[in-house]
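Same chain, two partners: subunit A is paired with subunit B first, then with subunit C.
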Partner chain A sequence: MSRTQMTTGAICLAAVVALAFVPMIVDAYHLALAISLLQFTVLATAWGMFSGPTRYVSLATTAFFGVGAYTVAVLGEQLPWSLVLLIAAVIGAVMAVIVGLSTLRLSGVHFVIFTFGLAELVRQIVVWYEVNKTRVLGRYVFVDITQNDIYWQLLALAVIVFGSGWLIARSRFGFALRIIGEDETVARHCGINVTIAKVALFTITATFMTLVGAIMAPRFTYIEPSIAFNATISFEVVIMALLGGAHRLWGPALGAIPLTLLFDFLSARFPSTSTLIMGVVFLLIVYALPSGVVGLWEKLKAWRPSASNVRGAQA
Partner chain B sequence: MTNAVLTGLVLGGMYALIAMGLTLQYGVARIMNLSYGEFLIGAAFASYWLFTGWALNPLAGLAFVIPVSFGISYLLYRVLLTPLVRRARTRDALEVDSILATFGMMFIVQGIMLTMFGGAYFSYSFLAIPVKIVGEVLALNRLIAFGLAVVVGLALYLTLTRTRIGTSIRAVAVDPIAAQLVAIDVTRTSALAFALGGALVASAGVLISMFLTFSATSGVVFTMKALIVVVMGGVGNLLGCLVAGLALGLSEALVATFIDPGLTLAVNFALFLGVLLVKPAGIFGRAQR
Partner chain C sequence: MVSAVKRLAAGLLAVAGAASVGWDGAAEAQTSVKIGYAISRTGPAAGGAAVTTIPNYELWVKEVNAAGGLKLGDKRVPIEVVQYDDRSSAEEAAKALERLITQDKVDFILPPWGTGLNLAVGPILNKAGYPHIASTAVTDRAPELAKRWPNSFWLLGTSADAAKTLVELLVKLRTEGKIGDTVAMASIADGFGIDLSGAARPALTAAKFKLAYDKTYPVGTQDLSPIINEVKALNPDVFIAFSYPPDTIAITEQSRISGFNPKIFYTGVGTAFPLFKQKFSANAEGVMGIGGWNGDSPAIKDYLARHKASAANGAEPDRWASAVTYAGLQMLQQAIERVGKVDRAAVIKDLQSGTFDTVIGKVKLENNMPTKYWWVGQWQDGEFYGVGPSGNEGARAPVVPKPAWKAQ
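Our next item is the complex of A and B:
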């Protein structure tokens, strides 16, 4: 391991330790804000891990988030917490495998259409099941989880997400994914099983999203399908990852922090027009920053030395 | 049973009409428009506003709504989407860009409608007269909507197959690069196809507002169904739209009558996946790539 890598690792470790002490210092409002920040950082990073290298746009974040939250609402009071989280993760993973296998073998359009409707589809099935079988619509979440617990769990999950993202990028699997992103036909000719690679990555990231939903569920207290499967989350996650730059592991986090603060401010100040403003922000990002802040930074870095090269060549 | 089939046919006809507009936008202009349903709801609100505010018959309102939405869609393509088309190096890159841009647009249009009308459901009563047909009772407004959908669909089909401009639109759908070799202005034809799609979805919105309740946020469902129909029928294929649209409407109506009205979306997706497992390019689609 080189020296810079070791310093980066040490800084990351120090940052995580420092972040772990946040709940002891700040008040309830800022803790809630920190939880939102962590939540969106994890969601956007997980989104970027799949959509960055493969360039498949997934609009299904809230489907997985909602499944996680709803699992907690159903099982939270009956089973120990760690078991509930495990079950939520398994359900999310199974759902991701089904969706992945049925759409990722086809072209990207099918995947987009399916993820576009997935949250609505799952919501409808949950409503149907609750109305016809269990006859309850809307559940209370009474579990013994404090705000501090939520924060620490999200922080742990964030560490796991970044860790696995880092490991994947350095493995054969990550290399295969980059080739798929560049050109799928080439990847297939190299002997990469494209479908399995895509489905595996989709499942891993979707499981993270499900876990975020499960961890966040105690914060809602009352959950019904329209709250759990809120389409705005999918939208916010995509825009955050895009602002940061989905092709780098650190990119989405860079977008998640400013936009979480912005949306928090907007929904408090302009509740009626926040959708409109968010749409405008989204379009601005798509047009002005197609590869995100990270892409801009890399372009600037690449531009400076090459400019001096040109001058050197002329002289 | 007969009633379910009739309802399904009317619904399917509307889906087919909606999907025809999207197939023009996606098949010809290569814009995967996720804000499509929002324009349908926009037209429904326009029709509502004309009917309740100005007492204008929705059918007469069509004469106002269609040209306006044609113009809006044309401008949208020219101002917002042409830069993306220029920027995109490959067709896949354009697809990703257009998905993202129209996804943002969806929230903008929805946001505008939410600020103007709020989140409540709207409907108005126009020609809600019961009519007897093959022994079953159906509302007149549904029948008229279905009839007009057939007329519009037929007019579009004839335009595309019998006129010069229609032929050039089809040429761009097949191959936008080769189309330039026979002196077709691809940018203009694409803009025209996109605007035509916008006009079609607006007319569908007016027709649907006559018999369905709608709210500012119900556009997403229509986008989804239109996308499903387009891909299921084969992108760029009008006949595919018709067959897939009718299949979707019928299956939905049958499930709603005999199993549970809460499972319509599940049926849509099951049908979608079923067709794609057998024919990945759609019912009438030719295998590409």
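Our next item is the complex of A and C:
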């Protein structure tokens, strides 16, 4: 067991090292694609880390993403970059704690609606503030961050996200989360502080999403609420995580990577109908793969022995 | 049709290439000029792109190819278009442009629609050394951006300039005794409205106008009657709305219904749209708005006719950024033809220093920006004429006070 773990660890390390060299060998377009892949991998994985065990469907991704991007837009030119990222992370975490404490008692569809509203609420607060206080809407992000820097930061963040997901899964905290996911009442009876556990997990994953927004902001140059708080991001992340399968740590990545590539392929080949085709693809995913790629893979694994039995019987 | 022209041109080129013995091999590879663009065909920016940008791109390509193509040296080379949908997203626009540059290896790139997207693609075009003729972006940072990205050209000017010109016109009309000094101003709580009201507010105060009403309304407000009723009760001489197309229409309609008819009635983006004239017909008369053009100039009249003939459903251009967009394409064409080959650095240099003959007149850029803009237009006899700045060639005298609304 520990031997396989070490092998897996070595493979992961080698993969990360290899990925770190990507900006040196690819052109600007493939770097842009790699940035998209990493961005959605981190967002979908962070989403799955929270929604997998707790089974809450959150549409708040863009709220945190946008807060991160806006922090950079406001502070980017005044403070050193690492400090800006730190402040973004703190703001995201504080917001997640407040939101978590007030909403994680909601369940099911109420939570979905609330998180969707949250993104709009944050956006309207930003608009109100900019309109009435600063009297400028739309900020410029001129910081000295290259595309390579963005890529490397996202890669580092991806490593941190997967690392913390792995650690959480192996901790008492992770065990508690799984019990909560199975049955919240049972978890409460076992003496687990359900609210604290959920809020903690929500905060950790929301902080990752905020950081993605902050790291991506220099790529936009110009930020206004409609760009930073784009609801499409929330939906794309949910669909990617669902396609991959949110109940495994590496599941959402299996959805994020093919879908990002597919979106890119569609917009390159079918520039005028890509959105239409995407809609059909989404429908097919939900219909054909209700438990995602991971679920399909697990089903195949379970099915294989019986398949060989059938073959044996025929022979 | 286009491909037939292309094949013919390619064939002619091959013959020419074979005839000239000892011709340099590098140049003969140029059988077409690849022009790429990513434009919003879906999403919130699609409406603006469909009115102002796409018909002009299509018109220009059609005309150039009908004439045999762009003139490179002594031969004509047809344009080949590669285009994507940026889905109104900055990230998608950035990616599409990187694809155009590194995958499709296009020779030139036409800009996206709108301020935000033009700013988002600015760094990419600058890094890759492509000329960036932003003809639908209004930003106060334009002079600074032109310095930062010397390959970028900001043809639509700054919102501060727009507000300043409007106030200058008001001052002039007040001196002539045509209006008093009460102004009511409503603006949309979005980039455009905030920038313009932010510039107009101090300018109006400095010119000693009384700002009786100064409020914003959120994007997507459906019912604007409370604003109109409140403003009507204040009975101002001048009403300014820094609005977007849907609310430009709604504000005008509501004012007509409630009979609010100030001496000057000014609305924002959308006033210059052909849709405005269709909707209000005779009631458009006397309404002022942002933009305008020299409607008496033969070049503009000719452009209007060609645009109508080329666009789907015979759509007319808008009377502000459409002509500027087309002029930007003419400038690019003239710069390429003067350079005589696909040499982007030389084309950028020519755009910076050359003089261009366009539908909006002679254009010579200073610090990568034009020196003349139309900022205030007015519907007069079914055409949206430029009235400010009054020093512009072809500027009409404003009709003040605005005639009364007619019953519909």
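In this section, the second predicted complex is superposed on the first by the 291 of 315 C-alpha atoms of A that agree within 3 Å, B and C clash if a C-alpha of one lies under 4 Å from a C-alpha of the other, contacts with A are read in each partner's own complex, and residues count from 1 in each chain.
To be clear about the criterion, a contact is a pair of C-beta atoms (placed from the backbone, for glycine too) under 8 Å apart; a residue touches a chain by one contact, two chains touch by 3 or more.
Predicted, not measured: the structure shown is a model, and the values here were computed from it.
Student: Of the two partner chains, subunit B (first) and subunit C (second), which one does A:108 touch, if any: first, second, both, or neither?
Tutor: After superposition on chain A, A:108 lies in contact with subunit B alone.
Student: Does the superposition put A:171 against subunit B (first), subunit C (second), both, or neither?
Tutor: Touch partners of A:171: none, neither subunit B nor subunit C.
Student: Mind working out whether A:219 is in touch with subunit B, subunit C, both or neither, as first, second, both or neither?
Tutor: Only subunit C; A:219 stays clear of subunit B.
Student: Touching A:131, do we find subunit B (first), subunit C (second), both, or neither?
Tutor: both
Student: Using the superposition on chain A described above, determine whether A:148 touches subunit B (first), subunit C (second), both, or neither.
Tutor: The answer is neither, since A:148 touches no partner chain.
Student: I'd like to know which partner A:32 touches here: subunit B for first, subunit C for second, both or neither.
Tutor: second
Student: So, does A:272 touch the first partner subunit B, the second partner subunit C, both, or neither?
Tutor: Both subunit B and subunit C are touched by A:272.
Student: In the superposed arrangement, which partner chain does A:230 touch: subunit B (first), subunit C (second), both, or neither?
Tutor: In the superposed model, A:230 contacts subunit C only, not subunit B.
Student: If I apply the document's touch criterion, which positions on subunit A are contacted by subunit B in one structure and by subunit C in the other?
Tutor: 124, 127-128, 131-132, 272, 274-275
Student: Please give the residue numbers of subunit C that touch subunit A in the complex, ascending.
Tutor: For this pair, the touching residues of subunit C are 41-42, 44, 83-85, 87, 89-92, 94-96, 98-99, 101-103, 115-116, 119-120, 122-124, 127-128, 141, 148, 189-191, 194-195, 198, 216, 218.
Student: Would you tell me which residues of subunit A are touching subunit B in their complex?
Tutor: Listed in rising order, the residues are 55, 57, 59, 102, 106-110, 112-114, 116-117, 120-121, 124-125, 127-128, 131-132, 231, 235, 238-239, 242, 272-280, 282-283, 286-287, 290.
Student: Contact residues on subunit A for subunit C in the complex?
Tutor: Against subunit C, subunit A makes touches at 27-33, 36, 124, 127-128, 130-132, 135-138, 140, 142, 216, 219-222, 224, 226-227, 230, 232, 264, 267-268, 271-272, 274-275.
Student: In their complex, what parts of subunit B are in touch with subunit A?
Tutor: Touch list, subunit B to subunit A: 32, 34, 80, 83, 87, 92, 95-97, 99-101, 103-112, 114-115, 220-221, 223-224, 227-228, 231, 235, 260, 262-266, 268-269, 272-273, 276-277, 280, 289.
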